[in-house]
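In what follows, chain A forms one complex with chain B and a second complex with chain C.
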Partner chain A sequence: MSTLIMIDQPSYGSWSGREALDMAFSLAAFDQPAALLFTGAGVTWLRREQDTADLGQKSVEKNLSAAPVFGIEAIFADRAACQRYGLDERSLIAGVTLVDAISALLNQYDHTAFAG
Partner chain B sequence: MSSFDTLHILNKSPGHPRAAQCLALLSEGDALLLIENGVLWLSAEGLPSVCRVFALSADVAARGLGNTAGNETRVAFSDMVALSLQARKVISW
Partner chain C sequence: MADTRSATFALVITGAPYSSQAPQTALGFAKAAIAAGHRIDRVFLYGDGVHLASALCAPPSDEPHWPQEWAGFLEQHGISAIACIASALRRGLVNEAEQKRYQLPSANLLRPFDIAGLGDWVEGRMTSTRTLYFHAGG
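Let's look at the complex of A and B:
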């Protein structure tokens, strides 16, 4: 069974996005195929050079860099949302696949879930 | 043997952007299961009639909507399991 975890919440300001990331990493740690899709304000997770030193939190950029280690199969981002939030190839972190048709992507997964 | 293509489990009330996204994706052959604040759609306008609609009766009753008449089928917690097994895939909104 393959699972797509969707994140549509901004990276800071609430914990629901990190809970979604925990769900994805837990699935992958137990060898359940899992991928991440960022939509809406969730794409702001994917910006390079996040500096959270003064926030006293680990940056979600660092959290996400562990995704391949855990075995997350892919990190997708909605292209239109990236444009809305001023993200292009230069400002996105490495390893993100831009997608145009979310409904087609959802069709490829047995289970899709949000957190929060 | 799947009775539904996608089971959409919606727990977001009208006005939540994710609810609008869910309703826009519904197609014939899907099923919509309203739970938690998602059952508030039973008292609001805008619920499409494109596919079958189920609502968790405990959440409906808790919100005082037990007497509203609609086309939805009321289900108990135990039926949720059966519904998810009847679907080819499940989206938890």
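Let's look at the complex of A and C:
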């Protein structure tokens, strides 16, 4: 059973995105196929070279860079949301696949979930 | 047509009581599902949903006590309910084992809720016919 975990919350200011990432990592740890889709304000997770020293929080970029190591199959980002938040392919972390047709992507998965 | 009489549900609650409607919507669904002959396999509390398992909630007497309502329902139907340990520890919800481990002044997990990892959510998705999520909303 393949699962798409969706993150539509900004990278800082809410914890639900981090908890969605934990869900994805947990699926992968139990050998369940899992991928991530960032939409809406969630695409801010994908910005390259995040500096969180002043925030007193760990960088989500570091968490996310572990995704392939944990066995997450793909990291997708909504292209329109990336444009809205001023992100192009050069400002995104490596390994992100931009997608235009979210509904077509959802149809490829048996199960979809948000953290909150 | 599928035989829906044999459906089993895993419920995931991520919204807290009293700041969201998620726990009461989930309870309404669970009661209706059982009344219709379905089975609730398990309930998993995640994120802010873990507050539903607090033994220290004390709402005004003329308001529903959602943790107690849920606890009574779970016991009546013998349903397993788990609060995610990572979510719970961050939000100050601990059982006696975690109280000892972290040397905290008290434990506050309401029975019959239990504390376990996300593996329980993964297992619930695999064993239940459907997994439904009850979020806090916008």
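Simple rule for what comes next: the second predicted complex is superposed on the first by the 116 of 116 C-alpha atoms of A that agree within 3 Å, B and C clash if a C-alpha of one lies under 4 Å from a C-alpha of the other, contacts with A are read in each partner's own complex, and residues count from 1 in each chain.
We take it that a contact is a pair of C-beta atoms (placed from the backbone, for glycine too) under 8 Å apart; a residue touches a chain by one contact, two chains touch by 3 or more.
Keep in mind the model is a prediction, meaning the values are calculated, not measured.
Overlay on chain A: chain B and chain C clash in the combined arrangement. Contacts of A:103 after superposition: chain B is touched, whereas chain C is not reached. In the superposed model, A:114 makes contact with both chain B and chain C.
Of the two partner chains placed by the overlay, neither chain B nor chain C lies in contact with A:76. Contact with chain C, but none with chain B, is seen for A:23 once the two complexes are overlaid on the shared chain.
Touch criterion met: A:32 reaches chain C, while chain B stays clear of it.
Touch criterion not met for A:45: it reaches neither chain B nor chain C. Which of chain B and chain C touches more residues of chain A: that partner is C. In the superposition on chain A, A:15 makes contact with chain C only, not with chain B. In this superposition on chain A, the options for chain B are 23-31, 41-49 or 77-85, and chain C clashes with just 77-85. Comparing the two complexes, residues 111, 113-114 of chain A contact chain B in one case and chain C in the other. Every residue of chain A that touches chain C in the complex is listed here, in rising order: 1, 3, 15-16, 19, 22-23, 26-27, 29-30, 32, 111, 113-116.
Looking at the complex, you find that chain A touches chain B at residues 8, 40, 103, 106-107, 109-114. Residues of chain B that touch chain A in their complex: 6, 17-18, 25, 88-93.
Contact residues of chain C toward chain A in the complex are 12, 14-15, 46-48, 86-87, 90, 117-119, 121-122, 125-126, 131, 133, 135-136.
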